[in-house]
C-alpha cells in the first residue's frame, strides 16, 4: 500500500492542531471552524479510502486465501532502548484498525460539524478545534499502532487531550477537578499498563504486535515458566496491561472519572467519552487477543470485571438525574459488555465469535452512543440544563432530536432492526456458548439497559411539559447540529446489516453470522419488557416512580450516589494519601531531615560562639592565659626534671 | 649573713608578680604600661644579679640590661604616642573601650 | 592550546566577564549586548560541537574521548588541564549552552546591579562548562568549586525571601559535599597508578584500573555522596527547596538545570567509571536512597504551596531518578539517566523561568493566592502547562522518553530488589501527575482569585524568546529522541566493559 | 660575711621596692602610680649600685627615672584630669590577676629554692672583692668595639631603633 495516505491520515490532524493551536489566536472563529472541519473531512475521506481499499479491493496484499493480512504500511525507528528492544512508530493496517479508522474519523467529523453549531458562542472556539484535532490525531495513532509501546505513547496522548477537552471550560472549578480526576485515574491505570509492558517486553524482547500475536506460544515459552505470587508472569503482564485498559475504558473500580468527565462540552463527551477513547481498552485487548488466549486466567479476570461493571453501571444509570451521567453510565455498561464478550471468546466456541461481536458492538455502539450524546447535547442546548427534571414533553418542540434520540434508544436497547440488536445478540450468543451464567447475567443487564434508556427517553420527551417552555420555547438545533444527528441515526438503523463477520474476526478469516433464534428471542423479550416497564412507569406523569423511590430510599440513594465509590476514593486520596501521607512526609522533611541539617549548622555555631568568647580581644585576658600557660609548661618541665 | 644571689632574685620575682597582677587587673592603658615597666625592671634586675654572681668576669648581663633600658625607652615612647592617639579618638584611655578591633 | 575547540567554552565566558568589566554599570544596553552576543556564541559553538562530534562518530571515530588535549598545570602533583568530550559531555555542554542562553533572556531586566549579576553569572557558566570539558579530576573539582561559589552571592544578593539563610545553607551543604568529594578524589589519585606514575586523568586511571577493592568501597561512598549532595540525593536534598525558592530566576534555572546535573554527571564519570567494583557491590545502598528520593520528593511536592518549593521537590524526585538510573548499571538505564538529565534540565529551567515571570507580575508564589491566570496571561499559562506535561511525562516531550528509557533499562535486572524499586519509581509518575495537575488547576485554571491580577500583562518579547528556546529543545528531544541515543551510545562501551570486568 | 651597712641598705631598698611595686599597681590614682614606679626604678638603680654597676645605675636613673618617667607624666597629664580615679577592679579580673601572679611567683620561688642556683652565690662582698668592677673605659670599648664580645652592631641597631621610634612617635601622635 502506498504510504502517502496513511501518513496524511496522521499528519493532517496534527498539523491542524499546530496550526489552530499556534495561529488560532489570530484567526476568526469562522476560519478556525472551517479549517478544522475541512481538515477532518479530508482525513475522513482518506481514512474511508484506506479502509474500503483494505476491506473490499481484494488486493492480494490485503487478503490471501480469504485470510485478511496484517501489514505494517510503514514502521520507522523512534527510540532504541537496546539493540533488540526498539520503539517504532508505524501504521498497522488490519481489520480492526481499519474499522477503527472508520469509526474515529466518522464520529470525529460529525463532532467537528456539530460543534460548529454547539460551541458557536463559547470563548476559545479555536482552541477547542485544535484540541479536537489533537485528540483525533492521538486516537488515530493509537489504533494504527504497530507496537505496544506506540500504543502506550498515543494512549498517554489521548489521555492528555481528554484532559484538555474535559477542562475546556477551565473557569469552572468543577470542570477543572473533573479533568484532573480523569487524568489522574487513567494515569494510575496506565501505571499498570506500563508495568505490564515492562514485563512483557522484558521476556519477549519485542514490542511489535505482529511478532507477539503471530507467535503467542513463543511468547508463553519466553517467560520460561517464571511465576510471581502464584500466577505466571505472562498472566501478570496481561492483567496489568488490561488494568491500563480498565482505566481508559472506565471498568470498575477505575470507572469514577468517566461520569465526572461529562463536565466537558457535550460533543467532546460524544467523541471521546462515548465512541472512541473509552473503547481503547477493548481495542487493546482485541489487539493483543491471541496472547490473551494463552492465559485463560487473564481472560477470566477480564470477564469478571466486565460482568460486575456492566451490572453496576446499569443499576446506577437507573437512578441518575443528569442525562449525560445516565449516558456515561450506559457507556460504562456497554463497554463492559464488549469486555465480557472478549473475555468469553475461545477459538473453539463458534470460531471465536465473541471477538467479532465485541468489535461489532464497538462499531455500532460508537455510532448510536455518539448519536445519543449529540442528541443530549441538542437537548441541553435547548433547555440549558443537564437534568431531565428540567425537561419533559419535548417531543413536540424538537421533532428531529426526538426521532433521532428514539432511534438511538431503540438501538442501544437492542430492538430489531436497529444496529444494537445484531451486535448484542451476537455477544449474548457468545456468552451463552462459554457459560450460561455469563449469558444470563448479561441478558439481565441488557434488560436493564432497555429500561434505563427508555426511562430517560420518556422522562425527557414524554412525562409532562416543563412550565418554563412558555417563556423560553425550546426548538430544534441549527443544521450543523441536525445533520450529524440524522446521519448517525441513519447509520444506527442500517449498520446492523453490515456483514461484520466477513470483515473482522479474531483470526481474520471470514465468519458467517447467523442469528441464534433462541438467544435473539430471549433478549428481544427482555428488552421489550424493559421498555414496557419504562413506558408504564414514565410515559405519563404519575406517582409510581416516586412511590418506588420512597419504598426503597436507601437503595435509591446509594445508586444515585453511585454506591459511594467517589466518596471512597476521595477518602483514600485526600484523607489518607494526601493529608496523612504527604503531609507527614512534608513535615518529616522540614522538621527532621532539614532540622538535622540545620542542627549541624546550629551545633557549629554554638561551638564557635562558645569558643569565640576566648578571642575576646582583651589583651589582659590573653596575658592571663598566656601566663598561666607558660607557668603550666614550666611546671610540667620542672616536674619532669625532678 | 650573706647577701647571696637569692637575695636579689626573690625581690625581682615579687616585683614581676606585681607587674603581672597590675597588667591583668588595670584598665587604664597607662597603668598597664606602668605594670609592664615593672616586669621589665624585674627582668633587668635578674640579668644584673646573674651577671654579678655567676659570671662575674663578664659583662653580657650588664650590656643586655643597658640595651633593654634603651629599648624600653623606645617602646614607652611609641606606646605613649599610641595611647595619646587612642585618647584623641575615643576620649579616654580605658582598655575596655577599645573594641573596634575585636573579632 | 587555543586551537582546541573545548577550551573556548571556558574562554568565552571569561571574555564575557571581561566585556562586562568594560561596560558601565548603568548602561543596560551594553551589558545586554555583551551577554547576548557571548551566550549566542556559546550556543552556536555548542551546536557546532554537537554536529561535528556526530560527524566524527559517523566517520568511524571510535576513541572514547574526542578533541582531547592536555597541558601540564602543576607538575609536582601531576595536575593537568586535560580536556576531552564524549557524547555525554557534548550533550551536557549543549544543555548548559541552551540554559545559559535562555537564562540571559530570562534575566533581561535584572535589578539591582545588573553588571555584577551577569559577572557572577558568567563565572558560574565558566565553572559549569569547565567541569564538563575536563577529564582531569582535579581540574574538574576546581571548576566544580568555581561553579559553586558564585551561587552564594547570586542568591544572597539578588534572591528573594530568606535569601541569606538559603544562600548560606546551599553553599554550606554543597561545600560539605565537596569536602567528601575532595577526600574521595584524593584517594583516587593516590591509588591511581603504580608508584611514581600517579595521575589525575580519568582515562588513565580507568586504564590502570589498580584501585584496591577495599579502597574502592570507601572512595565510592565518598565520591557518590559528594556528588549526590549536588544531585539532591535523599537525605542531603534540603538545600534544594530553600535554595531554589530564594534564588533569582536565572540562577534557579542554571542551578536546577545544569548545576544539579554536575552531580549526576560526576557520579557517573567518577564514582561509577573509576570505581566499578565498588559500584557493583555497593550500588544497592544508594539505590535505596535514591529510590526514596524519587518517591519522597514527589510526595513532598504534593502538599507544598509555594511554586518554587513544588518545583524544588519535583527536582529532588527527578534528579533522584537520574542517580537511580545510573546505579542500575545497565546501558539502557544509563542512557535514560542522561536523557533524564537533559530533560529535567530543560524543563526545570523552563519551570523556574515561568515561575520567575509569574512572580514578577503577581508578587506572590503562593498558589492559594492565585488562580485563573490562564485567562490573564495565556502565553505564560500555556508554557507552564507544557512544562508541566513535560514533567509528568507526556509523550512528545522530553520527560517521557527519559523516564521510559530508565524504566526499561532498570527492568533488565531480574531480582526482586531491583524490580520492586523500579515499580516504586514508576509510581512516581502518577504522583508527579497529581502534583503537576494540582498546581495547574489551582494556578492557571478556575476563576480568577485576585482582582488585582486582572490588569497584569502577558509575556514580553524577551520572555517569549527565553521560553520558546526551552520549549523547542524539550519538544525536540521528546519527538526525536534517537539521535541522542546515537550520540551517547559509544560513551557507555568502556563503562559497561569496566563494570562487567569488575563483576568477574 | 657582708657588712651590716650593706645588709641594712639591702633591706631598705628591697622593702621600698616591693612596697612601691605593690602600691604602683594598686593605686587608683594614675599619677601616684607613676610616682611609685619612679621609686621602684630608683630602688632598682640602688640595687645596681650595690651590685657594683655604677654606670648601669646611672643609666637607670637618667634614662628610666629621668626620661621615661617624664614621658609618663606628660602623657598622664595629657589624658587625665588631676582628680581622675580609675574605677574599681572587677572581681573576676582581680581573681585572674591574683591567680596569675601568685601562681607565677610560687612557681618561680619554688624553682629558685629547690634548684642549685642558690648555692652558686657566695656573699656579695666576695664577688665584689674578686675585683671585677667594671670601669667606664671597658664599657666604652665593649659597646663601641668590633672584636669578639663587643657590641657595636647592636648599639647601632638600637640607635636606628630609637630613630625610628622618634619618627614613629611623631607620626602616630601627630594631630590629623
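Note that the chains are named A, B, C and D in the order they appear, and that numbering of residues resets to 1 at the start of each chain.
As a working rule, a residue touches a chain if its C-beta (ideal position, glycine included) is under 8 Å from a C-beta of that chain, and two chains touch if they have at least 3 such contacts.
Every value quoted in this text rests on a predicted model; they were computed, and no experiment measured them.
The greatest centre-to-centre distance from subunit A, using averaged C-alpha positions, is reached by D. Averaging Cα coordinates per chain places subunit A and subunit D 104 Å apart. Here the CA centre of subunit C is 72 Å from the CA centre of subunit D.
With centres taken as mean Cα positions, subunit C sits 37 Å from subunit A. Spacing of subunit B relative to subunit C, judged by their CA centroids, is 65 angstrom.
In subunit A, the residues that touch at least two other chains are 620, 623-624, 627.
Within subunit D, contacts with two or more other chains are made by residues 93, 96-97, 100, 104.
Contacts with at least two other chains are made by no residue of subunit C.
Under the contact rule stated at the top, the pairs of chains that touch are A-B, A-C, A-D, B-D. Of all residues in subunit B, those touching subunit A in their complex are 20, 23-25, 32, 95-96, 99, 101-103. Per the touch definition, subunit A reaches subunit B in the complex via residues 612, 615-620, 623-624, 627. Residues 1-11, 13-28, 30-31, 33-35, 37-38, 41, 44-45, 48-49, 52-54, 56-60, 62-63, 65-67, 69-78, 80-85, 87-88, 92-93 of subunit B are the ones that touch subunit D when the two sit in their complex. The residues of subunit D lying in touch with subunit B in their complex are 1-2, 6-7, 10, 14, 17-18, 21-22, 24-26, 30, 33-34, 37, 40-41, 44, 47-48, 51-53, 55-56, 59-60, 63-64, 67-68, 71-72, 74-76, 78-80, 86-87, 89, 93-94, 96-98, 100-102, 104-105, 108-109, 112-113, 117-118, 120-124, 127, 130, 132, 134, 138-139, 142-143, 149, 151, 154, 158, 161-162, 164-166, 168-170, 172-173, 175. For subunit A in complex with subunit D, the residues that touch the partner chain are 620-621, 623-624, 627-628, 631, 634-635, 638.
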